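Chain lettering (A, B, C and D) follows the sequence in which the chains are written, and residue indices restart at 1 in each chain.
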Amino acid sequence: MAQEITLKDRYGYMLWMRHFELACLEGVPTREIHGELHTGVGQEAISAGMVGFLSKEDAMCSTHRNHMHAIAKGVDLRAMLAEIFEKSTGICGGFGGHMHIFDPSLKFSATGIVGAGVPVALGHAYAARLKGNQAVAVAVVGDGAVNTGAFHEAMNMAGALSLPLVVVVENNEWAISVPFSASSATETIAERAPSWRAHGIRVNGLDVEEVANAFEAALARARSGKGPSIIEAMCYRFRGHFEGDADMYRSKEEKERRRSEDPLERTKETLVARGLATLEELNEIEKSVVASISEMLASVRKDPSPSGADATRYVFAE
Amino acid sequence: MAQEITLKDRYGYMLWMRHFELACLEGVPTREIHGELHTGVGQEAISAGMVGFLSKEDAMCSTHRNHMHAIAKGVDLRAMLAEIFEKSTGICGGFGGHMHIFDPSLKFSATGIVGAGVPVALGHAYAARLKGNQAVAVAVVGDGAVNTGAFHEAMNMAGALSLPLVVVVENNEWAISVPFSASSATETIAERAPSWRAHGIRVNGLDVEEVANAFEAALARARSGKGPSIIEAMCYRFRGHFEGDADMYRSKEEKERRRSEDPLERTKETLVARGLATLEELNEIEKSVVASISEMLASVRKDPSPSGADATRYVFAE
Amino acid sequence: MARNLNLSQCISEALHLEMERDPQVLVIGEDVGGQGGVFGATRGLQKKYGSGRVLDTPISESAITGMGVGLALEGYRPVLEIMFVDFIGVCLDQVYNAIAKNHYMSGGKVRMPIVIKTAGGCIGSGAQHSQCLWGLFAHLPGLKVVAPSNPYDAKGLMASAVESDDPVVFIEHKGLLLKRAEDFTFGSDVPAERYTVPIGKANVVREGSDLTLVTLSGTVAPSVTAAEEALKKGISVEVIDLRSVVPLDMDTVAASVKKTGKILVVDEDYLSFGLSAEVVTRLLERKISITSVKRLAVPDVPIPGALSLEQEVVPNERSISAAIAETVGKA
Amino acid sequence: MARNLNLSQCISEALHLEMERDPQVLVIGEDVGGQGGVFGATRGLQKKYGSGRVLDTPISESAITGMGVGLALEGYRPVLEIMFVDFIGVCLDQVYNAIAKNHYMSGGKVRMPIVIKTAGGCIGSGAQHSQCLWGLFAHLPGLKVVAPSNPYDAKGLMASAVESDDPVVFIEHKGLLLKRAEDFTFGSDVPAERYTVPIGKANVVREGSDLTLVTLSGTVAPSVTAAEEALKKGISVEVIDLRSVVPLDMDTVAASVKKTGKILVVDEDYLSFGLSAEVVTRLLERKISITSVKRLAVPDVPIPGALSLEQEVVPNERSISAAIAETVGKA
């Protein structure tokens, strides 16, 4: 499957991801989105690097910062955008909100509790073992999640049972205001992997190809029964932790410097440098993505809000 | 301090520990102890190896199987025995029970929740940092506790802050009926230490000198600001998980073989072989320990039960 | 054919039947496999259904409950054992933030047919090994909360719990788990075949006209005994075994209180902010007239270690008898 | 001198004063140091008292709460921040099995002067970021549970919490934390000096004669507004701000209901097995005659994501007004 995804394709996905997030931002000042919003702007290369390797049978468990992971897994963009904009047409009918994207048909789910997705992924990985199929469970987490108890418990069991679990850690070096370096006993996350009998690798999370290669290798390892992997993808969150975050804990200098290393620009340059596309061509692609998303947003905005009368449904199945 | 403790002294402590546990056993069939009882019979060399290195300023956080750890820390035997026998003269007035031995004057505490003592020890270790003194916090846990989230969270913080925390893991190869080998991703616990920037060592927990040496080194490391250590002491629990445990999960053959490796016998033989004591001398010591404990038990048995009228005290301090 | 079975046998029998009936049923937890549970309530399952479907885990309750979520998302029906309910504090997050809410948060898209099987109640062992905590689970929306009082109910309620599409917290009282079959005065004649006892339907264990005594789990038997004693003093006590805290069968309770006018709730869980106040308040909301109300529960103290203290705070036959007398004004 | 301060300023001011007064006071949690708290409620503390006493931690709530226990055993008075109360499920064990019980289990030997400082309440963000959960803590013995409704109380109650020898769960409503000083209609005139507001004493925010409305935290202000509206319709509502769930000031509530005969509990926490039933039942136990009773709370559903759904289940001015009318029989 992976062979079909070219670097240009990945760039296209990155554009969709970036502009999807930018569309979400529009809902904040208008209060169409009335709660917290966490976007992944700047971290696109990691999700785009995961595109194309996973089937419907593979699971993905994500976080509070989940939109781009969902796009990588193939979740319907419009239904997700509608959920984020609190519409009854949302993928969860508006019951979830942006931190709770569920798509059971794709085995995609998310949680707002840091670290809590990893044990859920463990369950998917164990299901693959029970079913005896080739499925893999992917958990995507931030660097902060590695220090939670849930992470350790799940990784240990995955290691002990040699389960097909791949954990992608988006190490953006910050957990809200607390720097990774101050909260981790080790300098890297990858080096911790052996303590869970996992394979660990640190990659440049701005380099979509490096991510794709590591992800492909980890999946192969998992599918062949060799057990869990941790991919630590270094990156930087371009915006505040959530929209509205004053983000005073990161220096202006740091933010400017790191934002200048834009994974989209980087990929674009590579494509042009390798002669795989012209700048004009890529700009055209971007224009069309922008147009599509803006159309989608306009359409979503016309959707109805969920009916208050339904608010007490779905507590119990019966 | 440590220099003053001879091997013969340690053997004496092992005798106290063994016979203390045997005294506790007497309370089970009589229902003087009406709840669960977990003894450490067979694991004496680990606790005896810790004797003599800790001051009042050093803390110790223990588990459901805590009696021998408390003896190592210097907790008053009679008050502890009285607590276990549910007497008002108990160290907690009978409010705690055998899993909840508290001696604040020695900074000794215990918990019945597996893994939960390690974060408490972290707090003591952080107190040492704040006070700028040389104190160390010791957490004693079983092999099963290493797989809890609490263990990971506490170890990571200890490593990140380079705190004076020494974790002694009594690896008796079983967590109730689940073998260590089936529940740990790694073959040893010691090898996991680097993932928490800790020093890790596996020792023969039947060899009191090996334990003492490792413990001394770990304390020195901690006191000099070099951060946490994990001492994995291999041992075997001679009795069921608790009194009443049918213990069918361990084969008769295994139990017999492992029980034949008695740390007390081993130490006795060493003492005699090295000419540090005669067999007669050691038997005399044992006799006097047995007599003292039996006297203590007889006396404790005469103590009153706590008064029911007090049962609603101590919920709040004010 | 009915046999004399104890509670743990009934639980394991129910699980055997469910695992046989439905290959999606799994049992996961500490000591559930090789040992068959520390109370024997999962005995024989691993031998019969293999270590894949009956998994012994490390002491990692967050992993156990979290993997239950993933397995439910995969179409399985996991029975997750938390050895003692006291330990739920290390993994409550997965229970109330995921298992209880995923159905709702997904707008009905996913189901969480999970049983949290656990042991509660006091048999000695102090503050961290003696709690009931059903009031805690009941406060959190999305969880059904079941606590059987006898072998017959245990088997039938467990069958219902496993076949339910909703998460069920299933609390087995340790005292009942250790009670011999012949010591049960009711509910130990247990059919061999599968049957269900519906979740949410209370059981009038003993009819009476002067006082409604509402209880469940370990305090049903002493309540019945106390009711028998009370009758000797001319007090006729109706004893209702709730069987579940969520749903709470207020129809049965209300019908009884309509008759007796007096309510006594006997609860081995903590007194305040729990079951007893909820029962009383719902009666009031139904405008049932009550002439006397009393709650007997653990008086908002941790369970002490020593027996002499424990007996003072955990409801037992003696304190139930006293409470009955008080409620009818004959103390 | 009284200044116009908002809630987060008051909390941080209280912590400044406590840290100055008592060198044993520590503040530990995620983002409490460098950032001064995600709501600014610990602003300036680390700069003033250093990163030893004001510690930014990894996302490790079990470590945070557990180390609080160890620090309390060392004589410190740790203020532990759990960013949102919703996250308590990952570390409830240390809170209820150690912090709440160590004093009791040690027979009074050790004290746990710990504040669990956390943010609760709904401001959007769905089922895992909008809960109150004071009913959960209140069910567990050994914890005091405080939730202020205005800046003045927040400052004084935090001072009391820190100086208390008992563990206190201190729940700051997110809506109040984000409210501007000038938008508070009461309690925003705050003295600069240290003062305490005692824990366990309710506040009659508004006197009235027809109906007793009992509430706390974020629903006090809308209750007062609804009471003002009700007066226009000739309904005189007494509004009581409980300030704390444990202890529950039933003297104040009972005195009021004696006068009005009608009780409405407004609770942003889940309806069942929580605060509202406890208040009602304790009134009954005190034999206060009640002619009308109503509970308005989150109707045992998770908090939904979309605003249109959320408004349906979280008490607000509109639903409080309707409940007032219903309780006095004018719906």
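Everything below uses one rule, namely that contacts are C-beta pairs under 8 Å (C-beta built on N, C-alpha and C of every residue); 3 or more make two chains touch, one makes a residue touch a chain.
Note that the structure is a prediction, hence the values are computed from the model and not measured.
Visitor: If you check the contacts of subunit A and subunit D, which chains show up for both?
Guide: Correct list: B, C.
Visitor: Would you kindly say which chain has the C-alpha centre located farthest from the C-alpha centre of subunit B?
Guide: Result for max centroid distance from subunit B is chain A.
Visitor: Centroid from C-alpha atoms only, then distance subunit B to subunit D, rounded to Å. What do you get?
Guide: One centre to the other, that is 41 Å.
Visitor: Cα centroid separation between subunit C and subunit D, in whole Å?
Guide: Spacing between the chain centres: roughly 31 Å.
Visitor: Between subunit B and subunit C, what is the gap in Å from one C-alpha centre to the other?
Guide: A distance of 35 Å separates the two centres.
Visitor: Mark out which residues of subunit D touch at least two other chains, giving numbers and ranges.
Guide: Expected reply: 57-58, 60-62, 86-87, 89-90, 93-94, 97, 104-105, 126-128, 141-142, 300-302, 304-305.
Visitor: Of all the residues in subunit B, which ones touch at least 2 other chains?
Guide: Residues 90, 92, 94-97, 100, 111-113, 116, 147-150, 153, 156-157, 160, 182-184, 315 of subunit B each touch two or more of the other chains.
Visitor: Which label fits the chain touch graph of this model best, line, ring, star, complete or other?
Guide: complete
Visitor: Under the touch definition given earlier, write down the residues of subunit B that touch subunit A in their complex.
Guide: 147-153, 155-160, 182-186, 191-192, 194-198
Visitor: What residues of subunit D sit close enough to touch subunit A in their complex?
Guide: 30-31, 34-35, 38, 56-62, 86-87, 89-90, 123-129, 299-302, 304-313
Visitor: Which residues of subunit A touch subunit D in the complex?
Guide: 34-36, 83, 86-88, 90, 92, 94-100, 111-116, 144-145, 147-150, 175-178, 182-184, 248-249, 305-312, 315
Visitor: For the complex, give me every residue of subunit B touching subunit D.
Guide: Residue list for subunit B touching subunit D: 59, 61, 90-97, 100, 102-104, 107, 109, 111-113, 116, 118-127, 129-131, 137, 149-150, 153-154, 156-157, 160, 313-318.
Visitor: Can you check the complex and tell me which residues of subunit D touch subunit B?
Guide: Against subunit B, subunit D makes touches at 26, 52-53, 55, 57-58, 60-76, 78, 90, 93-94, 97-98, 102-111, 113, 141-142, 144, 164-166.
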